[in-house]
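Input: structures, listed below.
In the two complexes below, subunit A is the common chain; its partner is subunit B in one and subunit C in the other.
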Partner chain A sequence: MGKPSLKDTAITSGYKMLNLMEMAKMSIKHGPFDMIRDIRRYPWLLDFAKVNRLVTKLSIGRRGNYRRAVGMMLNGVVKEMINYIEGIFHRQDKLVLHEDMVPPEILRAMGLSPWMPELLGIILPMIVPDSMEEYIDAAENEGVPPDLCSLPKAVIGITVKDRLPQAKAVITSNLPCDGGMSSYIYVEKKIKAPIFRLDIPHNFKDERAEIYFAGELKRMISWLEDHTPGRIDWDRLKEICEERNRMSEYELQLWEMISARPAPLAAEAVYISHLWYFNVCSGLKSSTQVFRRLVKLAEDNLKNGIAAVPDEKYRALLWNPPTMHVIDLFAVAEERYGVTCIMDSMSFNRLPFIDTSSRESMLQGIGRNIMNGPMARHTRGPMENYFDDIFHIIKRFDIDMLWMAGHIGCKNTQALNNIMREKCRTAGVPVLIIDYDLSDTRITSRQGILSQVDHFMENVMKAKRII
Partner chain B sequence: MTATDADIKALLEKPYNPLIQKAVEEGMIPLGYACSLVPEALLSTGKLFPVRMRAPGGTGTEMADLYLSSVICSYARSLLEFTLNDRYDFLRGYIFTTGCDHLRRLHDNLDYLKKQDFSYILDIPHKAGDAAIEWTIEEMNRLASALEKQFDTDMSRESIKQAVEKTNALNSALSAIGTMRKLKNPPFTGTQYHRLIMAARVSPAEYMMPIIEKYQKTAEESEGISGYRARLMITGSGLDDPEYTGVIESQGALVVADRYCTGSFPGLEPVGTSGDIFEALARRSLEVNRCPRMMEGFNSRANYIAEIAEEYRADGVIIESIKFCDTWGVESSALTDKLRAKGIPVLRLEREYRQSGEGQLRTRVQAFIESMGK
Partner chain C sequence: MTIEYYGGCDIGSTTGKAVIISDSGIVGSSIVPREIDPEKTAVLALEQALKTIPGISSIKDLSFLIGTGYGRSEISFAGENISEISCHAMGVYFCDRSIKTIVDIGGQDVKGISINDDGTVKEFAMNDKCAAGTGRFFEAMARIFRMDISAFSDLSLNAKNLIPVTAQCSVFAETEVISLLAGKNPPENIAAGVQSAVAKRCFMLLKRVGIIPKVTMTGGCAKNRGLIKAMEKTLNEKIEPLSVDPQIIGALGAAVYAKMRG
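This part shows the complex of A and B:
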């Protein structure tokens, strides 16, 4: 696709500069001596400091609004990550560790500072691909089975290496899988803070399940009030839920626009946006702002007939969490074959809005979002959830092919791969299953992953490489 | 060997054993299950009887590997293989639970590949407490209604209570025999007792009771076993192959206690019959069953094992887990530390469902016994 224009280079450089400024502000606010001390205590901070590498990776080959969307979305990620880190520095008396499927909205409405241990295992391999490997090794050296998903293994490793902040309390749940659920035995043991575990039913689609889970959330709130300085502020929770609803409105608008062929925005601009802003910091005005801008960028592209990927040949649905340590998978696929990631299993959901008319309805709405959220309905729920969603998305977003990020540690989805192959074959949808590990580059290297893409595109799709 | 040991062994050689065959010929209805969270009593009303699904003598899981993948526990894969090979065609239905990811996906694959007329999944919470009990009571009620509708069987509270009493009587008889393992010289080996328990899990209670009574009588008259090097307890994920215990005992150990879901602790504890029968069944699933799939209670589970080991004077504990089992995989690691901190020698083993690596297992057990100075 040739060299980027000066304007494109300036866009990326601008966002990189903003990211560096955010990090400098954090260091100044914390003080240089304290910063050095905390870098020694939490060496993963150094990996995070390399975040502009991620900006570079995801900007390659992207132009105009698409490039701007990626830079803007990542700048928001950096700001909120810094806010998270400042929770360790300045708000440890309110810090609550919470597993990735626990709703942070409630913690914020209680005046607490949420801190998700899994976040390190998600964001850092995107920046430094092998960043989790020392923690994975540490977990295995503790006797944790190597076949466990590398995300909980990373959490266990970070915990046993004493690189998690001390917290007032820990909240976890039975989501998203047995491995994730079990890993908190280690967090509980090491952190020595009181722990509450949320239970989410398997058949969650009826009202009985919603009421049960809302009850769990109420018990969590009252437990947190007993064990932390947090107090629930229902008005604040309402504001947060309304803000989240506004963000959902924008996301639906975005989805409507990317249904068009060619799509005006795609890949990480869509899926990392959902992954981050809905799961880490929903209900914040700054998050809604990011989605508002994404919609604007997509609208402009649509109005001007500009495709995110100028040579959009194939529209892909990404299933499972993205390939974290090869996060630029689609940046490469766009350039090589015109494969454009339109939608993914982590973003797509059917029930995005929270009814804020009463306390009960808010808790049920938050609960419904969790139960229908990524890695809940697909991993904990029955297989109907899984396949209904796949074929619904294929139809709704005019998808040509399914790319399954076949993370070897995700036993739940590995056990459905063959059914998926057969169902897709019947429906005439080509399937690529990428064999790899979510956070461990030693299982399948970057080259190994990209080779699987090449083989699929060249042998199954009979596609010619563009570059 | 006790007088009936050979007969008991014969009951474990294939899924469709002679007692099930006899029951089916008499019009009884076998229902399969694969998790201890399933209330056996509900599957024991009227003409129904529960059969714990196993894959004895399985030699490979080629088809199951294709569907479930090779990273799913080999118990789930073996059951799928056996079902696809028509080895469970005699079942009239099966009841699964949300016990673990592997069994849930086995259920999904069975429904896709070979759906039974009656295929049910019980949604059991991952923690105890009042709300979870209430949820589980409703789940038990729904299962009872579904069974009533499908098999036209009496699912009144009275009928269920009778089934609970029948199951309790069977378990009490097994438990009474198991208590003899506290003796310095128990009258039977751990392998023999394991066979008895497993036979009871795969055969109709009506036909098993006389066998168990005979077994008890013979055991009471037998001379105790002496000359063993060490008394061991086995704990871990579901172990339904007594010959695994046999290999451990072949090195001079005597297995005197067990805590796994196909064993005696806590599997033989009776279900209460004084209050609401559905509540009693719910409490048993949530509060008595001590599977690490329950999110809470790690310390209580570890203490329970330590208490049994002390009560049965075990010199050491073997923790076994089937490869790829996430819950036992993580639990074993933390449990090993916890038991060792209490001064209990621990040997941790990872195994496949199917007996394999016998030589290695022998060496590990031998070394463990030696490390205890026995």
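This part shows the complex of A and C:
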């Protein structure tokens, strides 16, 4: 694809500069001495400070609006992550640790400061691929089975190494898996804060489940009011849900546009955007703004006949959480083979909107989103929950092949791999199952992951390497 | 009329293989031990294969040459290099078009391959992370039994019973076999357990690509008669014998591709 133009280089440099400025502002606001103290307390801050490495990785090979979309999206991540970190520094009296399946919208509507312990295990390996390994080792040294998913192992390691912030309360749930649930036993022991466990119904596809879950959310709200300074502000919750709905509208527009062949935007610009803005900071105006800009960039590309990947040859559906420690997988695949990641299992959902007409409808809507979220509906219930989505997406987005990020620690999805192979074989959809671990580079190295891609593309897709 | 010759060279982890074909079929082949330098191995293998062909003396006389195997990218004088997975599929297709599934056991990996009607790869699965079930594993086992590899291959054919051996890990399997031998268990029964354990691993791999008859084996371990018997029992399918040495199938597939390119 050749060297990037001066304009492309300037785009990336500009976003890198903005990221550095955000971090400098945080340091100044916090004060140098407190900053040094907190870096010693939370050494992962140093890994986060290397975020511009991620910008570089995800900009390689990308041009124009695609590159701008990546930079803009990551700049938004940096800003909100800093806001998150400032919650540790300045709002510890309102800090609530919440598991990744617990809706942060409600915590925000209560004036609380959410902190998702899984967040570090998700974002840091993207920046520094081996950043979670000391925590994984710490968890295993505590007696945690090595075959547990590395994300809860990272949470356990961060906890036992005392790198989690002290919080007023902890909220967890029975989702998405046993590993996730077990990690909160360690959090509970270490943090010594009161803990609340949301009971999310297993059979979630009926109104009874929605009513039950809404009841659980009410119970959570009143528990939080008893144990933290937070008080529910229903008007604020309505604003948050409406803002989330606006973001969903933009996302649907974006999906409509990327259905076109070739797609005007792709890969991380689409899937990290969903992963971050919908799961970590939905309902914020700044998050909606990112999606509004993504739509604009995609629109411009469509109007001008510009493809995100100029030589789009194959459209891929990514299944399972992305390969965190080789997060530039598709940047590489785009350049080598013209593979474009169009959609992924973590982004796709069919019930994005929340009815804000009453308190009850809002809670039911939030609950419905959680229960129908990818890590919930795909890991429970009949296999149709999983496969219906796969084949719906393949048809809707004109997908050529399925790339399954076969995270070795995810027993729920590993169990479905052979059925997936058989179903895709029948449907004539080529499948690549990448053997790897979500956040442990020692299981399968970067080279090992990329060679699996090469083998698949050469032998099954009969593709010639472009570069 | 000048005869056109096409070469395929498969540089594996333990041996180098070369096959030369012309319009009349295979005209030369060789198997040589691997040198440290893959390119040197390729030269040795090709020169040995060329020796048997009258009227051609140099690699340069080949109309087209394709490299395959782990060392394929190091063969600088090859016109192209192609993955060994595709080459094994094409090599088998050249020998017998009715074969649809291959288990290829090489020196350091095991692959399951399903073939399209045109000899290209439909699906594949591979184990290249663990030595259990590979050629290296059998070499280690033969050492423990104090036999050469061919004697060990036939040992299990005389087994009256089978003593189960865990082949999840080659190191632990070695320990287990040493204990069983020390316990005065009949060696042929232990060997049958070893072959059966490897066959079960291959079965799991083949399940991933789908077992469509006919099935064959390629790679050096396809000469292991004890393993073939265990595979037939485990798969409940006949392992189709090939008309050429199964160890040169990758090189043959490369030569067939070379003919297509040339």
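Observations on the model:
In this text, the second predicted complex is superposed on the first by the 466 of 467 C-alpha atoms of A that agree within 3 Å, B and C clash if a C-alpha of one lies under 4 Å from a C-alpha of the other, contacts with A are read in each partner's own complex, and residues count from 1 in each chain.
We take it that a contact is a pair of C-beta atoms (placed from the backbone, for glycine too) under 8 Å apart; a residue touches a chain by one contact, two chains touch by 3 or more.
Not measured: the values here are computed from a predicted model.
In this superposed model built on subunit A, subunit B and subunit C occupy separate space and fit side by side.
Of the two partner chains, neither subunit B nor subunit C is touched by A:Ile306.
In the superposition on chain A, A:Val460 contacts subunit C only, with no contact to subunit B.
Put simply, the three-chain overlay gives an angle of 70° at subunit A, taking C-alpha centres for subunit B and subunit C and rounding to the nearest 10.
In the superposition on chain A, contact is made by A:Asn418 with both subunit B and subunit C. Taking subunit A as the reference, the larger set of touched residues comes from B, when subunit B and subunit C are compared. Of the two partner chains placed around the shared chain by superposition, neither subunit B nor subunit C is touched by A:Leu252.
Across the superposed structures, the minimum distance from subunit B to subunit C, using CA atoms, reads 5 Å.
When the two complexes are superposed on chain A, the residues of subunit A that touch both subunit B and subunit C are 418.
Taken together, the subunit A residues at the contact with subunit C in this complex read 418, 421-422, 425, 430-431, 435, 455, 458-460, 462. By the touch criterion stated above, subunit A contacts subunit B in their complex at residues 142-145, 147-149, 156, 172-174, 177-179, 181-186, 188-189, 197, 199, 201-203, 208, 212, 215-216, 219, 379, 382-383, 408-409, 411-412, 414-419. Note for the complex: subunit C touches subunit A at residues 82-83, 85-86, 89, 120-124, 126, 129, 207-208, 210. By the touch criterion stated above, subunit B contacts subunit A in their complex at residues 66-69, 71-72, 98, 100-102, 104-106, 108-109, 111-112, 121, 123, 125-127, 131-132, 135, 138, 292-293, 295-296, 298, 323-324, 326-327, 329-334, 336, 348, 350.
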